[in-house]
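Here subunit A shows up in two complexes: once beside subunit B, once beside subunit C.
The block that comes next holds the complex of A and B.
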């Protein structure tokens, strides 16, 4: 009980911090809407030129929902851990985090949780509602919503673990920009966030199936849209189990790597 | 007291200064070799990923709005080349807001050379060269497959239109970077503009009239590749706006420069 209170205190601090009024938040929100409109026009033109309504099992609305929510999940999950950790290493501040009576990985997760809760409420839910209303019933509403939320939670853990697996590389090199851009590019392409995995050529898709990235975007979104066999109970369980396996595997890898990397820390003064 | 003679500096003078600053910058970059290699690798990865996305799209859809595979590739290559100068030569705009906020920016105002030139010349981003090579390869491949004639005229046109097209993105980034003289931490403006450029590689004809208007007259990303490309892709039916795009580019760049410099003057007055 005591430890739970300790953790929720970190969540609360994050909520308060992100509630500060920021002009940037509103401008970015507006720009996101414009960006979504552009995605809409692009795919409308693409589908209009194709001559058929369904391409690889995806209708125009399916593709739109998939891509818009992928962008929403991207904004929701974006954590900047690589940047924060590299800054903490360069300023020496990381020592303060390591001295805390809590495991560093755990501490980081819970101090991010507050801003995650806020961005979920302030950006993800409104986007989701707009999508449901605008697409007029193309989003199936039922048990899949519950499964989607569960799947999204697992995606959050997986994404956090990917971040924490990449960020300690900053302890070996100071190339933060480079590391971050490589991570982001790989995750966005191979998770289906830039183009739905359903459109990938057969062999390419087979390879991507065996990578953890699709568990961040593709699995939650296919669960929501009831595609790829997830409308049956077995298919749904299958998808969730894949996510669970990745959670475990990545957590173990992340722990091992962090324990190794933390010995590398050298702080100059401070 | 000695009298300072302020002479109008010529192009050759600035070129020689640029060369000196460039060499210093490259030297300092080379001392962080791992960073250089990883960043270059990252840049190649982003270009590769964009290319893979493009290929997957055309794996499923044969054409977009009447633009077939090779024509789209032409547009894509054109945009990659036109977006190289902003990456290579104008990357320091990303640091402007930090400099202005911390007050370090004042150092640029104390030199007897153009402030904009001095600030921008300080960083040369080598990573952009990978994108340039990628763009040229795509451009030449598409050019050959569409069967655009190779004459002195078409090549000269390509050079002029590519250079002037690059001015649009440079100007956009100048405008959005200079907002930091008025708004603290206005980095998001740059991030937003930088994201819009992703749509430069698609024909502007896919948008409805409102967005086509916005992308022509307000955030002119349609000029980065679409309008100038029409000169090569549909040589029999080139709209007037395509022919005018080089002049518009120069004017737009000049306006962004003036806006940037206006911000500098304003910054001096706040005196931090």
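The block that comes next holds the complex of A and C.
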């Protein structure tokens, strides 16, 4: 396997590189604690004012577990590709990436993979373990974990493709900040990362069903928590197939868009 | 395989540039403006580089040197004309072309900033699929050419500019490419580092028979490395020949220096084809007392400066 050697080498380098910034991990964990405190009190107030224990089929407990794990996934998936790419384009650094003997999108994905492995180990797994221990059995532990890892990997690919679809837009607009904010907001809202999808109005939820963002946060989480029928084999396969379809669709779109965008660089010098 | 590393035929590159207007009103106008200017960065350049050659690719700032190099590496697509590098069309086959070229862009680095140099080397070894045996041989060769020990285990971000440039050049040669492009490699370096880098490039060229295409503003680099130079100005090729011919490009120039009675030196650049040196001395002697005379060969730097300033020959 010729290309495997390239990929593992890039992953390894990413791991070594992110180990140099151990402190960043602790800062992330600390920031998470503050954010989760905010989420806790906000939703406590929402449940208190609703007068019932169960809102939209979810207890306060369910909601908290969902949102805490969503935050953990967010930290794991956060890649800053939009920033990195626009900086690379503005400084001309992107030439060095284009001159590697690998396709650009592939090269970048595997360059990021090492830091993803590290953030999975250093932020996701600890958060997950704390949630499992503290909630004592609210998170089912069984074969669903295996399905969850698979679903999370697909979510990772989908998220990468969304980022890589948005990032080249800065080649056309010459501004990055606004685009990144728009992307961040859309992904976090429509994926269920900041509000569980169950709380959305019926029609809105129907629309979201047909968008790829759900496949990044909501599907892995429902697989993990065995919600929405994913506790049955058919339901699980259904969820994974939806993710697979988005993987393929977004990879094709991303490739096409990138091939068009890269012409901006090769034809007009960026 | 043919003996040509690079063949360029009538290559031109034009850029579309938006005509910007001044002031706030102008900026708003620019938002909707379709008023483009075409700028010809490279026009009708033909060039053949043989394997194993070191050529100096010179020209004043903005002459189109980097644009040409970018076209040869495949990151820019020529507007018209043909380019073949190692038998490939670079912009169509950029990824495959990259396997057989090495690039150093002056103040840019391809090394991993936070990793020790040796880790960057190992990574490049794997990315370029260099067999372990070849990799070890290359490191041995490097060790015989430069003092690797102080830099090999140092993170790149802690290196001095000189060490980093040296490392980048080593990295560009690591997969033993057919051609290495060096875009102003000695920019901002001290005299001894420049000498080291020149020695290294010459050594690698000799041992590995690597074609080197070098752009620089430092005539010391040219004198030390290149037998052949190509000069472009305003996108056009204006000179392509041996470095020895260059000195007679505008005629046979020499500098005559004379020390007068009051110990001051006067200098005059003389074209020996049109003026006789002895005549000049005699003329001067009529007006002043001459204590001393020196006759100097014109330096490459002076010829180049004349070409840049004079434009057309």
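The definition used in the following text is that the second predicted complex is superposed on the first by the 259 of 270 C-alpha atoms of A that agree within 3 Å, B and C clash if a C-alpha of one lies under 4 Å from a C-alpha of the other, contacts with A are read in each partner's own complex, and residues count from 1 in each chain.
Note that a residue touches a chain if its C-beta (ideal position, glycine included) is under 8 Å from a C-beta of that chain, and two chains touch if they have at least 3 such contacts.
Everything numeric here is computed off the predicted structure, so don't read it as measured data.
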Subunit B versus subunit C as contact partner of A:56, first or second or both or neither: first
Contacts of A:141 with subunit B and subunit C, given as first, second, both or neither: neither
Partner chain in contact with A:265 - subunit B first, subunit C second, else both or neither: second
Touched partner set for A:92, first subunit B, second subunit C, both or neither: second
Contacts of A:189 with subunit B and subunit C, given as first, second, both or neither: first
First (subunit B), second (subunit C), both or neither touched by A:181: first
Partner chain(s) touched by A:42 [first = subunit B, second = subunit C, both, neither]: first
Residue contacts on subunit A - larger count, subunit B or subunit C: B
Which of subunit B and subunit C A:6 touches, first, second, both or neither: second
Footprint overlap on subunit A, where subunit B in one structure and subunit C in the other make contact: none
Contacting residues of subunit A [partner subunit B, same complex]: 23-24, 27-28, 31, 35, 37-38, 41-42, 44-46, 48-50, 55-56, 173-175, 177-182, 185-186, 188-189, 194-195, 199-201, 204
For the subunit A and subunit C complex, residues of the former touching the latter: 2, 5-6, 8-10, 13, 16-17, 20, 92-93, 95-96, 98-103, 263, 265-269
List of subunit B residues in touch with subunit A within their complex: 32, 34-35, 38-43, 45-46, 49, 52-53, 56-57, 59-66, 183, 185-189, 191-192, 195-196, 199, 202, 206-208, 211
Parts of subunit C lying in touch with subunit A, wherever the complex brings them together: 15-16, 67, 70, 73-77, 91, 94-96, 98-99, 101, 103, 105, 108-110, 112, 114-115, 119, 122-123, 126-129
